[in-house]
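Please find the structures below.
Each of the two complexes below includes subunit A, the first together with subunit B, the second together with subunit C.
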Partner chain A sequence: MAQPTLTLSSALSDLSTARVRAHRDSNEIVRKGLFVLEQKNGLKALGGDIWDFLEQLTIAALDIGQVELADDCIARLEVQFPKSPRVDVLRGMRIEAKDLGLALEYYEHTLENDETNVAIWKRLIAVLRQQNKTERCVKELVTFLDTFYSDLEGWLELADLYASLNLYTRSLQALSHALLLAPQNPFHALRFAETAYTANDIPLALRYYLRTIELIDSEEDGKETGRRAWFGVKLCTSHLSRTPNLPSESNTLPVQGKNLAALEVLATERLSAAYSSTANTKPDGKVPGRKEVLKWLGQ
Partner chain B sequence: MSGDSLYLDPQIRDWVLFPITLVMILVGILRNNVTQLLVSSPKKSTRSATREQRALLRAQILRANAKSSPLPPSYYTAHTDDLIAAFAAGRYLKEDPSRPNEVDEHGNRIAPAPGNMLTDPSMMEGMMGGMKNQAVMMVPQMVIMGWINFFFQGFVLIKLPFPLTLGFKSMMQRGIETPDMDVRWVSSLSWYFLNWFGLNGLYRLLLGDGNAATDQKDLATSPFAGAGAPVMNQPQDYNKLFASESENLQLAQGLYSWIGDDVDSRILRRYGKLPVA
Partner chain C sequence: MMEIGIELASTYAADAGLSIVAYYQANPTIHTHGFGPVGDRILTKLRQTAPDTVGFLVQLDELSSKSSAEVPALITNPAAHVTLNNKRSPIRALELIASGLQSASFADFDDHLENMQLDWLNNPECADQDWSG
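== the complex of A and B ==
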């Protein structure tokens, strides 16, 4: 696919958007970053943002394995900010690219000097996860979250960790903290619903799929998220209508009869609409998966 | 009889009015910079201290949405009970090796009473910092007041554009004892005071918010109150804070209701399957 030609201003604005929204499209960032560096007045045009830009470029370079580029950026940052904790984190990430054991020692050593350094602590936990030292990783993460309760990322990571160990109840508990911290975010509600479904707590899952739908403002915004939630609703309602008294570990009251049937019908409707031939996005007019979905829906 | 047509030597304006104002502005900026240099970097706290500080936050987050809580009842109750038990048992209190926590009859830890200011080293540092700030504020003021008193005593500087009552005479005409000169005429010392109160806004413009050139606390302490007792934040008494937070949690539990309770009816209504109630 031909890539659009870059101009300095478009590259700079794309890079700053990526910084603000925490996009990690590392290939693009490195491409645009190198382009900016190669321009004659690239660095000047960055102005005060140059250090943020270098940090962004370092992380992107490490992501795609361009270690020399990362080294170069870190060297420049070190010259400007000699004893900075932020540069310490970047240096640690650079060590991670080579040797996880060394990186672990580096982080432990840094934490001895300052045990409340959040960024370093999180990198430590990340390294433990990469090394599959699950027990220690869970312990560290739990201690971390005990101290820094409002770290949403941490709770999500813990939920993921528990789910990977099939400890779904604990995963739900971690997600419940995430829900408290970001109650209006449909993605977390969806994750809660899916974890509940995997843990076989169908009544709970149904309520959270519905909650996800409620949190999505308009059909345009969350088209894909909405679709997953409607699939979930359809699955749960069909389970519940076949076996009305499903056990629920969280003792959730299941949705009652008339509403249940109405919800199943509604879900079928919305999914058919989503996959209808008028809702396509591809230029050749075909809606991928339409036949299979309609067959599954029983139409 | 109000003498409202005194003619002032324009040299007074050039050599007294503007210099006083200019000097005060510059000294304010100087104070700001000196304070920034003197302020010590925030102390690194230990994990347990941070944890203690943020424990209340945890309870507040739980309580915040109690009426339409995203958590199902079993989870909400579990969290609340957990937190209340932890507060009661003092599990969140920070561990300080030099002052081990006392234990009450149930084996729960009790926070130490807020210690004596002079003996606790961390509070001592806080006090020193406060006193250093005040010294920086007070010294230039003393100097400028002395300078004005010495050089610019005994004449009026400026006529205020708005009238004032007689009560302000002693404030506005310090150093000039006349029984019936209009209060709108201001002497140099009083001009100094006026500037002192009023330059706050200018500092905020020049130096941005949160500058150290003027401090609200200082209005009370100097120069009127002299060397008053330093105003310090009382160290938090975590016992009481945790106890009151436990009560708040129990109250919130009464208000609790799950948002997932009738989400099905709401969705059906949204898509027109149920009549709007």
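== the complex of A and C ==
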């Protein structure tokens, strides 16, 4: 597919949006970042954002293995910010690209000088995870969260780590902390629902799929998350219709009777509507996968 | 969502006169081994309807190995001998990835849920025009 023509202003705008929203589409960031660097006044046009841009470009370049580009960005940042903890992190990430063992040593040494350096501690945990040193990784992350309880990213990482080890109950416990810290965030509620489903706690999963839908402020903004949640509601209500007394490790009471039937009908209607909406059709007037979804919905 | 994706893909396959015969997985790091609990669960689900489903695990640390030129970086589950119809297909897949498949609009079910216009069941823009099967 042909990509739209880049302009300096569009590239700068897209890169700025990606920074604000913490999007990590590294291929795109490098493509647009290189474009900016190649323009005559590219860096000048960034103004005060130049350093955030270089940091963003460094991380993206390392993500896709463009280490020379990363080195160039880090060198510029080191000149501007010679003793910056943020540049220390980028330096560590650059070492990770070459040798995880060396990176681990670098992070351990840096933490000896400053044990409160959150970013470095997180990179150390990330390296342990990459090295599959699971036991130590969990221990470090738990210690980190004992110290920095309000680090939402840390709780989400711990939840993911436990889930990767098939420890879904512990994963749900970690996600519970995330939900305490960000109770209005539908993404975390959705993740909780999906983890509960994977743990075969269908009643709990249904409750949180419904909570996700409840948390979505605007149908337009949350339509993707909403779609996932409605798929989850349909899946759970189908299971509960077939087997009303499904066990729940969390002792969540299952929805039953006419409420269950009503939820299943509503989920079917919401998904049918989504797959019939003109907003979702391709230029040929079709929504890909519509036939399969309608069949799955029983229509 | 993966369970739904599998069911939808199975419906698509059945309607097209096709069968799902294998599942491939590439682990996130070279230190991660085996299919893991999720991969095992997927294989179990697929084998409920197709008992002969094969699992292919891409070995990241072997991808760049020159010694794996013929059938690079794959281990199968079950370990019983599996014969590829076209022995070149793994190498061809790697060629496509190296040539920029990642920048094409390759979409899975998750991507489709984000943007419903993505044809995740067909991925027509990613079809190998030179494939002779």
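Everything below uses one rule, namely that the second predicted complex is superposed on the first by the 293 of 299 C-alpha atoms of A that agree within 3 Å, B and C clash if a C-alpha of one lies under 4 Å from a C-alpha of the other, contacts with A are read in each partner's own complex, and residues count from 1 in each chain.
FYI, contacts are C-beta pairs under 8 Å (C-beta built on N, C-alpha and C of every residue); 3 or more make two chains touch, one makes a residue touch a chain.
Fair warning: this is a prediction, and the values are worked out from it, not measured in the lab.
Trainee: Overlay done on subunit A, so just call it for subunit B and subunit C: clash or fit.
Mentor: Result for subunit B and subunit C: fit.
Trainee: After the superposition on A, what does A:227 contact: first (subunit B), second (subunit C), both or neither?
Mentor: A:227: touches subunit C, not subunit B.
Trainee: Identify the partner contact of A:288: answer first if only subunit B is touched, second if only subunit C is, both if each is, neither if none is.
Mentor: In the superposition, A:288 touches subunit C alone.
Trainee: Scan A:90 for contacts with subunit B and subunit C and give back first, second, both or neither.
Mentor: neither
Trainee: Name the contact category of A:114: first (subunit B only), second (subunit C only), both, or neither.
Mentor: first
Trainee: Scan A:130 for contacts with subunit B and subunit C and give back first, second, both or neither.
Mentor: In the superposed model, A:130 contacts subunit C only, not subunit B.
Trainee: Mind working out whether A:274 is in touch with subunit B, subunit C, both or neither, as first, second, both or neither?
Mentor: second
Trainee: Looking at subunit A, does subunit C or subunit B touch more of its residues?
Mentor: B
Trainee: From the CA centre of subunit A, what is the angle out to the CA centres of subunit B and subunit C, nearest 10°?
Mentor: Taking the centre of subunit A as apex, the angle works out to 170 degrees.
Trainee: Once you lay one complex on the other using chain A, what is the shortest C-alpha distance from subunit B to subunit C, in Å?
Mentor: Value for subunit B versus subunit C, nearest C-alpha atoms: 21 Å.
Trainee: Report, in rising order, the residues of subunit A that make contact with subunit B in one complex and with subunit C in the other.
Mentor: No residue of subunit A touches both subunit B and subunit C.
Trainee: In their complex, what parts of subunit A are in touch with subunit C?
Mentor: So the residues of subunit A in touch with subunit C come to 1, 27, 130-132, 164, 166, 194, 198, 224, 227-228, 231-232, 235, 274-275, 280-282, 287-289, 291-293, 295-296.
Trainee: Per the contact definition, I'd like the list of subunit C residues that touch subunit A in the complex.
Mentor: 1, 3-4, 7-8, 11-12, 15, 29, 31-33, 36-38, 102-105, 112-114, 116-122, 125
Trainee: Taking the touch rule as given, give the residues of subunit B at its contact with subunit A in the complex, in rising order.
Mentor: For subunit B paired with subunit A, touching residues are 44-47, 50-51, 54, 57-58, 61-62, 65, 70-75, 78-79, 259-260, 263-268, 270-271, 273-274.
Trainee: Please name which positions on subunit A make contact with subunit B in the complex.
Mentor: Answer in residue numbers: 114-116, 146-150, 172-173, 176, 179-181, 183, 189, 204, 206-208, 210-211, 213-214, 250-252, 255, 259-260, 262-263, 265-266, 270.
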